[in-house]
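Dropping the structure in here first, questions after.
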Amino acid sequence: MAERQYVLTLACPDSTGIVARISTFLADLGGWILEAGYHSETATGRFYTRQAVRASSLTIGIDELRERFGVIAGELAAERWALTDTAVPKRAVLLVSTEGHCLYELLSRWHAGMLGADVTTVIGNHPVLAPVAEMYGIPFVHVPVPAGDPAGKSAAFERIRELVDAQEPDAIVLARFMQVVPPKLCERWTGRLLNIHHGFLPSFKGARPYHQAYDRGVKMVGATCHYVTPDLDDGPIIEQDVVRIDHTSSAADLAMRGRDIEKAVLARGLQYHLQDRVLLDGHRTVVFA
Amino acid sequence: MAERQYVLTLACPDSTGIVARISTFLADLGGWILEAGYHSETATGRFYTRQAVRASSLTIGIDELRERFGVIAGELAAERWALTDTAVPKRAVLLVSTEGHCLYELLSRWHAGMLGADVTTVIGNHPVLAPVAEMYGIPFVHVPVPAGDPAGKSAAFERIRELVDAQEPDAIVLARFMQVVPPKLCERWTGRLLNIHHGFLPSFKGARPYHQAYDRGVKMVGATCHYVTPDLDDGPIIEQDVVRIDHTSSAADLAMRGRDIEKAVLARGLQYHLQDRVLLDGHRTVVFA
Amino acid sequence: MAERQYVLTLACPDSTGIVARISTFLADLGGWILEAGYHSETATGRFYTRQAVRASSLTIGIDELRERFGVIAGELAAERWALTDTAVPKRAVLLVSTEGHCLYELLSRWHAGMLGADVTTVIGNHPVLAPVAEMYGIPFVHVPVPAGDPAGKSAAFERIRELVDAQEPDAIVLARFMQVVPPKLCERWTGRLLNIHHGFLPSFKGARPYHQAYDRGVKMVGATCHYVTPDLDDGPIIEQDVVRIDHTSSAADLAMRGRDIEKAVLARGLQYHLQDRVLLDGHRTVVFA
Amino acid sequence: MAERQYVLTLACPDSTGIVARISTFLADLGGWILEAGYHSETATGRFYTRQAVRASSLTIGIDELRERFGVIAGELAAERWALTDTAVPKRAVLLVSTEGHCLYELLSRWHAGMLGADVTTVIGNHPVLAPVAEMYGIPFVHVPVPAGDPAGKSAAFERIRELVDAQEPDAIVLARFMQVVPPKLCERWTGRLLNIHHGFLPSFKGARPYHQAYDRGVKMVGATCHYVTPDLDDGPIIEQDVVRIDHTSSAADLAMRGRDIEKAVLARGLQYHLQDRVLLDGHRTVVFA
């Protein structure tokens, strides 16, 4: 549907002339900029940009573009930069447990051609959602994660690692997975591992956030899509939203109301990630939405 | 503007027939119900109601109504009940520090006849906002609260207690007061002492919530109006709201954006309180908005 | 999951003592009220109520309850009243065209047991969404509605009428159906025919609302779930919501952003309808949410 | 508080190399970009930018900067461009009628040093708000606008024109002025004349929008800040917002709820205008918020 784009993202120390440098480089190659975002983070003295270039406007191919831009990125002392091609499909693996609302949401979008990625595998620590994945024709693998059995748990996550890595996914999505991912895997998949937390972080970390919210008597509940780091529920936030509630809602009602927010926030956060709109600024994110 | 109403509020153990009992009592006296809220809290087995009765529809006066209803309240084992008369003006005292946006908001509403209370005194631990109160013709009392001087601080709060109690206020509002109120005063003024916290509680308790929010990289900031208890920022929440932000906002920007939410949330929360719409359910509130 | 309830709804002229009358009636039968909503509409002098009674608390069955309450409803001169049993499953028929996001949403909820109704049939004027319904195991009937052929169109809607009526549905949902339903059918299905309009009514009635929104340069777009009447897009509104946009969104982007709001608004509006939470007040609705 | 900035805004036909051209020009002068917004409007083939440059980083003054940039603007065939200096205070004139909430809001912000402009005069077609302006020490001029007297009305607006023009204001704000401004003045003050409409445009144009909203039974009401053009309520929209309501709200309640949204939307829209964040794209606005 959309035309082919090359998407350039870069983070580097801020200084005068960076925009001039990059835009002149692209203009000299005939690059037509479809969308450009820039951000100077005063607190950290760092510069971030994302630029979407019409592929057909360039006089050279992506490989040469990457090679040439690498020189500039080096001169700018870029800590991170990337150049991706929207014609190369992205790949996603979903990890689920027993609650299906996020899975339905992502598979519906995929089926309608609106996810921006192929969902290649669904992995569940319970079998209950297998029929949902299979209905959509997507392989479901059941990997039980035994509680109170460190060795068994470790083996389960080793199996998950193999399954995930075999897909070489651009996004690994904890779609209400309800298991703490081992630190080693968080690090292995850093920047590709997304979670939806059913609470408005940093409120209500950990287990049963809706019960915590009920007990605290808040007047809004929310959901948070974030990158996963070894620190539970403390990873960089990509997207959040809330919904207004009142005293008539029980903890179970909160969970029900919250589902709609969870799946919407996860879908938006994942879309930003898949479109290379999210750049890490330490513990914070720059999202060129 | 609005017609005279008697407002009945009651909290009691839930059982069959409470609504029938109360509504039959009021109907037998000719009571025309303008607004009625009921809530059964399943988790605690308690019942809450607020009823606004057109004063002119009743065949008896409020004193006799109060006396007669007291019998029913006793039979219902009500922990709390009240009958107030909207013809009796409410009174509010405001405590401020150096940030004026909440003070401007409440005084503007008062001046326009839309606060639902007389503001009888403004107390500040700094003198900077005195001209604002005085512009509106409201007495301002400067009570410095010395830092690092327990005896001086204690004396200051004793002075504040005297000033407040002399007004017999229905609401004591910490309108960005920025001082921790001593537990003894929290208890003395329980159910009448309101605070606006510049964070979406329970996130970002304590000092500098906007800096905490910036550091955490949240995508929305909020404000919370709550009753004050001896536990800092842990009192029952009356009202909350949020505003969407993004990576372009510095901590100072968050503070600026947050001001608009703070004053709106405080104004709504205070209005609910002054209209007897807030009933305490342990640590939570029932708000018949 | 939820316990069996009898849900009473009633609309009648307002007067003193209605609540007393109804609540005493229910209390005398042992009725435990799980949820009660009351509304007096001052502008029209009408009274509305919805009460959810725990079925097991009553000493009589629903048939006798209905018979006995009918006497009271008559005395109250009720224009409309109903008593429904949550143990009797509701039934829904969906009408679709080519856009699938609302269909996916409703079928996902149905599949997860969270719609509150059985979806018995999906009817499409295009065949493109047949695979979606079939994936969920729900019969899909393709009824082409020829453009520019009044007789053919009339025959198509006669066929749709037969298909719908054969299901005796509680809700007939235009889930982005994109066809104007003939007035005769609007009247036949009055109070059961729901539409999702992809605009914030009364803004942007009629065709291509997102293009209208783009041209007008609005800063938010919305969606509206409403009952369908013979006046296009003018039926009573059940639920609405909006999402913030800005100048970076093209008309196509608005359509994409709007889809998430549309499906959420439709799901909420339909749930209110299926739970008998919506009462008509002339052209307006009372929604005991 | 904020450091001195030069703010450059420009609108021109889109083509390759514009960003390179502008950013190279600024970089060559040592310009440190504090904030940069770019927008390519595909539908109209036009390009928009706003850049805030740290004044102290430039090697030349604003006059020379303006002169030199004028050459580039000419080459880019810019329809409009401007270079403003945040050290030059902006000026605003407010027009009011009888409702004061927007006036209180803007004067409070001005008094707290947070409006971003001096309010030099308040003009009212009724005298009732004179005390509010005077309390803040701002001149209030009462100019009655007689109804049903074309000549008198014309004279009144001629008087208003004189008063306004004498101030050479950057913003002329209809802060609930409730009078239709003559087309000739709309054109004279084009791009400087802002209105707050108490409805979510394009819904509920014209008189009594809250009554229209009540009658239509909408579930949210809103407010719209827009530039005024000779077409009533049809000018380019700068900012909008909504608040959720339900059936319990009378038309008077909607007006009360709406006031909070009106003043917040007006304050935000005016701030965008005063900070040169709003560029006109035909009938639409580009807002670099």
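Going by the order they are written in, the chains are A, B, C and D; count residues from 1 in each one.
Heads up, the rule we're going with is that contacts are C-beta pairs under 8 Å (C-beta built on N, C-alpha and C of every residue); 3 or more make two chains touch, one makes a residue touch a chain.
Chain labels with UniProt names: A, B, C, D = Formyltetrahydrofolate deformylase.
Keep in mind that this is a model prediction, so the values were computed, not measured.
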{"item": "Fraction-based call for chain D against chain B, same above half, different below", "value": "same"}
{"item": "Taking each chain's C-alpha mean as its centre, the one farthest from chain C", "value": "D"}
{"item": "Cα superposition of chain A on its sequence copy chain D - rotation in ° rounded to nearest 5", "value": "180"}
{"item": "Inter-centroid spacing, chain C versus chain B (mean Cα positions, whole Å)", "value": "38"}
{"item": "Chain C, residues touching no fewer than two other chains", "value": "35, 42, 248"}
{"item": "Parts of chain A lying in touch with chain C, wherever the complex brings them together", "value": "35, 100-101, 104-105, 108, 111-112, 114, 132, 135-136, 248, 256, 260, 264, 267-268"}
{"item": "Touching residues on chain B, where the partner in the complex is chain A", "value": "39, 41-43, 200-204, 214-220, 222, 236-242, 246-248, 250-251, 281, 283-287, 289"}
{"item": "Chain D partner contacts - residues on chain A that touch it in the complex", "value": "16-17, 19-20, 23-24, 26-28, 30-36, 38, 40, 42, 57, 244"}
